[in-house]
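Two complexes follow with chain A in common, the first pairing it with chain B and the second with chain C.
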Partner chain A sequence: MSTAPLVKPRHVARSTLAVAGSLALPIAILAVLFFGTAASPNFLSVSNLLNVLTSMSIIGVIVVAMTFVLVSGGLADLSVPATVAMGAILTLALQPVLGTIGAFAAGVLAAGGAGLLNGVLVGYARINAIIATLATGTVILGVAQWVVGGVIVYGADPTSGNLLKGRIGGVPTLVLIFAAAVILGHLLLSHTVWGRWTRATGDSLPAATAAAVPVRLVSAGAFVLTGIASGISGGLLALTLQNARPGIGEGYEFDSITAVVVGGVSILGGQGSVPRAVGGLIFVQLLTNVMTLMGVRTPVQGLALGLLIVAAVALDLAVRKRGGA
Partner chain B sequence: MTVPALEMRGIVKTFPGVLALSGVDLTVQSGSIHAIVGENGAGKSTLVKILSGMYQPSAGEIRIDGAPVALASPADAARFGIAMVHQELNLAPDLTVAENVFLGRTPRRGPFVDRKALHTGAAGILATIGARLNLDAEVGGLSVSQQQLVEIAKAYAAGPRIIVLDEPTSSLSEHESQALFGVLRRMRAQGTAVIYISHRLREVLAIADEVTVLRDGALAGARLREGLTATEMIHLMVGRDVSDLFPKHAATIGEPLLEIEGLSDGLRVHDVSLTVRAGEIVGMTGLVGAGRTEVARAIVGLGPRTAGRIRVHGHDVAPRNPAEARRAGIAYVPEDRKRDGIVPSLSVRENITLPILSSLSRLGWVRARAERAEAQGQARRLGISPPDPERRISLLSGGNQQKTVIARWLAARPSVLILDEPTRGVDVGAKAEIHAIIGDLVSQGLGVLMISSELPEVMAVSDRVYVMHEGRIAPPLGRDELDERRIMALATGEEGL
Partner chain C sequence: MTQFLLWAVRYRVLVILLTVLSVAIMVVPGFASPITVGLALDRAASMGLIAVGLTVLLAAGQIDLSGGAVFAVAGIVAVVLQPVIGIWPAAAVGTLAGLMAGAINGFVVVGLGVNSLVATLATLLAFRAIGHWITQSQPVSGIDIMVALAISQVHWGVLTLRAGLFLALILLLHVWLTRTVAGRNLLALGSSPEAARSSGLRPGRMIILAFIGAGVLAGGAGVLQSLAVNTGSPVFGSDMTIFALTAVVVGGTRLEGGRATALGTLGGVLTLATLTTGMEFSSVPAYVQEVVTGTILLTLIVLDRFARQQAAMT
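Entry: the complex of A and B
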């Protein structure tokens, strides 16, 4: 009684289905690695894998933030394409005035402001997140198109993207930025008061409320995070491409939600982690890469990803049901 | 003697670890109104759910008009002519009154709804039961009592052999209740068997022909209305021996810690005043819906508060949420442990430290060692089993989940602890442990306000008892004035507040 056991039997009572759920992702990633290696000689090369990693880095920053939205029980942020465009357009448009860093910061700040608007609508006004973010996203995109006038904004200083396109210590700069976002996001969710509050809010809103958790602030905060992350992604995208148009972030909302859901983060809130979401992103990107190398046509790729989402959500719901949570 | 419309013989219902009904008999004649009364948790709802096909009995027999039947589902029950009017309303809010009355039995002409038949049919039924409602109004826009009338019309429209009403008057005004009684009498005259569940004893005496009293899942008595008094019913409802299950701890009673004056929530709490002193366990009881939980929720800012003063240690406070209540020194352990208590996928440790996490952190970073020490200490203090704070709380037994939620609020080091049904749904052993913990807390100078529906618990543990009835509170009964019949009389409104 007085001496605590050294090895704690933490997982003894977990159901086999829950274990299957937690192992499914690493096994799936290994499987796609093996399959890809067998299917295409070009797959398992440093340059190909580094390419895959680089191409997922920009959306990866959004995936980290989207994890907070799902875990807090906020469903999804559909305004991502609009806030990405905001970050991208402002970064290039303000570059001549504020300089690259200043313009980038302004873009991120504006996108964070849009996120705050989402947060107030969802967290405080209690409007359904899908509807609220769809509405703000549509409005922001409309304004962007009106301001830009439907044309493309080009970078004023072509050299400003060089650092991003380069490498630091052999690792692409974008990958380093993504890695930093992953580490920060993971620490925030798993080691801070805010992270604990986020999980409690998503897991049981009434219980978290009664336990003195500031649930409205926490729900709102998740959308501020996706706003900021989208602003960063948009800025990086614009500087890398040296151009920005209102449609630049098209599909980023669904791609990031797909990654998070495939990573086993529950759409019902309360459960999930940043590493799992990133695992989901890696799996989806590798799978897409293999399919592309094998010459699978785009519609078929879409079909495969769609089935994958259904499978991930079904598994999550099954685990929840059996777990009695 | 004619064959009764309904006979239930030796009905037993067990849930894992709980014997909800232990061999209950119920006989209801055609053309009569039969009331079922009993304390909260006496088994009334379970019995009714078996009759409506929602629960399957573990043992026993059901006969309708003398023929044994199996009610495997609500659809089965409907086929045998059993109609239910539930406490929780079962209406489609976006459909009109007329559409709801015929829900599931909409008159048709070919594939289309026969609007004319729907309209005239619904109008006829509403007229029969004396409900004045606009047929084309959407049900979602009606008041709760109007919705209740639609629910009754819907049950009536099915032309039932047996109609069951579960607390039908809880949301009705006096006038509407009288109208409802008229409907019930009319149905009785047409030969329907009416089963009427209520804890308003005066109503029961006014309308019932026969009364069945349940107590602790067993039959306490079946009586004809004639010659029955409220006193006798109360005696049947509570007449059990108060055992020594709940030992009373003696603690020195000190200064007032929590003083509530004239608290109202604009809905179900009217002008409630109470005091909790240091070292004191104050019981608060009443029937379901009397407003006890609403008082607690209003105090800690989980529910609305339209009037009233709250003082802690003599200082005025006005918490708008549980975090502010915590800072004022008030902690609240909610009634519904599953919904408002545990955060199921967090561990015991994470559940315990949730309200005080900020104080266990530096710049938002949780200090893991300090957190573990706090959780470990509280878990040991309350004897949470298994003694592993890293376990997911959803894997613990009900009693240990409850101890964890109490531990959470002890970690916040409150002056006053409000416990709402702290032993509901926990086994006997854990119940005694929780009472020991409460006794321990007051001996350390805490004040405890314990809301409970269980009279033996309230009487054994409390220094003083407040009784609530329909949102109002009676002056407290001292320990030497505690008497089950007196409390029941206050709770049922037999004795005016």
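Entry: the complex of A and C
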């Protein structure tokens, strides 16, 4: 985009910055680990770290899908809280009728349908993703509440959450689900044609179109993925908590975008990977955990995260501009 | 058919407003009475003030998603400072907080070069957090309930202070956008930033000023709201952005910049006010109202896209 001439020093600057960029995240995570250990005696314990890992698992599933949205140049999916609520409310509301598995599947399916609506609007009608998902989010959340008459839904079978709250082979079930999502997402984004198409679409829409990449399908697909992932998260959340409020997914859109952006996935699209986004998630979650252990109040944490997004995005833009990319 | 569609899209504000109004008058008994109209206008005013700022920003090709959060924070500031410096100075400081918020948005967008959608999404989060921080997530009360009564006083049968302010600003905006050089420049900037820059405009300064204007309006609306209910709360204005955005888009202002109409925004705000008041009077639950508003916004955006493709082809 930049009109700067491509002279040598800029290339040098870019590669140095690129190296610094790829090392920044591991260093930052290490720094938080050291800082946390020094700040609180409870931080570096198996139980605390396992807690952090478990609590990031549910949103982690969304982070994996949100990576596809950003890489494909789709900016962000703001309807996530609504689709999470849709998945959660349907899972518990349909549980008495369809059984736990059936209700969960129905919730995920409905959330996927909401994702499809986003995908059609963004991919095919080419409407700005933030505006489109802001509007669909309002509609989806309204519909989810409408279905159950605007009340909080409680679980009919308290034992249905036990498997999720338990462990398999010593590892919390939720963490295993998250790990599966990460592996699948990574394979899809970095080792398949679909992933290559996703990067190409985000990198340059005209170029990708010229190269016969099905750009509309690819942009739409990213939103279907976030819909399904949010539905899964919502269902898991509802089964774990045994209740589903309309506001159950509040903040999940910002938290997942923060993780992806802090992980160094460019908001401009075209590059990024699932492991990077997961790295961003780990960093943000550890940071939040340290702040909580140090007694920093939640609103202050929110402020810190807002600043973190601005800083990460501004840094990314600065790096890209200087690189002449 | 296409001709008719294009016509309907061009004058859609009027078509939609009249449709919604006649349905409301038929369904809700006494909807056309001065009391109901005054009430609808008063509740529309807060959203309307934010919509005015948004119209200016959209004209310049930018957007501000943080309006609802600025609305809440400014109101909180105006309420918590009341015991310290008095009611009216506190109100001024609250509005000033809105100005600061707008300046921050402008700085992030112009200074740091961050896309305004992303920038104001992040500041939305930060401003909300500040609101929760100041109030410890509890609603805070003002010191004098009489101010609330004075603010909510209805003049000439239908107009409250903020409704009057909103209508006056809409007229000013209309004149500014259509009759002044600055207004035309802003639209030029929105329709083609490159052309505007090469013809000697200073886009950075104009955009920062537009953000500051939007901040002042959102802040002022928040202060008036907090004074009117004698309360400040961090959750005020949470669905304000989507409603204001819908109002502006219903009015025919383009999300991509370059086309903005003040009278259209007025029509959009009145439509939404009629819609929400009408639905509330018929005891339609809030979540159904959200479905209706969201669906209207979506339909219009899709229609707009379709109409422009048609126009581009012919």
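As a working rule, the second predicted complex is superposed on the first by the 311 of 325 C-alpha atoms of A that agree within 3 Å, B and C clash if a C-alpha of one lies under 4 Å from a C-alpha of the other, contacts with A are read in each partner's own complex, and residues count from 1 in each chain.
Simple rule for what comes next: contacts are C-beta pairs under 8 Å (C-beta built on N, C-alpha and C of every residue); 3 or more make two chains touch, one makes a residue touch a chain.
From a predicted model like this one, the values you see are computed outputs, not experimental measurements.
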item	value
First (chain B), second (chain C), both or neither touched by A:Val97	neither
Which of chain B and chain C A:Ala200 touches, first, second, both or neither	first
Partner touching more residues of chain A, whether chain B or chain C	C
Touching partner for A:Thr192 - first (chain B), second (chain C), both, neither	first
Partner chain(s) touched by A:Arg126 [first = chain B, second = chain C, both, neither]	second
Chain B versus chain C as contact partner of A:Ala210, first or second or both or neither	first
Common ground on chain A, meaning residues reached by chain C in one complex and by chain B in the other	none
In the complex with chain C, residue positions of chain A that touch it	75-76, 78, 121, 125-128, 130-132, 134-139, 141-143, 145-146, 150, 246, 254, 257, 267, 297-303, 305-307, 309-310, 313-314, 317-318, 321
Contacting residues of chain C [partner chain A, same complex]	65, 108, 112-115, 117-119, 121-123, 125-126, 128-133, 136-137, 239, 241-242, 245-246, 255-256, 285-291, 293-295, 297-298, 301-302, 305
Residues of chain B touching chain A in the complex	302, 321-323, 325-326, 332, 334, 339-346, 350-351, 354-355, 357-358, 361, 364-366, 368, 387-388, 390-392, 394-395, 408, 412
Chain A to chain B touching residues, read off their complex	1, 8-10, 13, 191-194, 196-197, 199-200, 203-204, 206-214, 270-271, 323-325
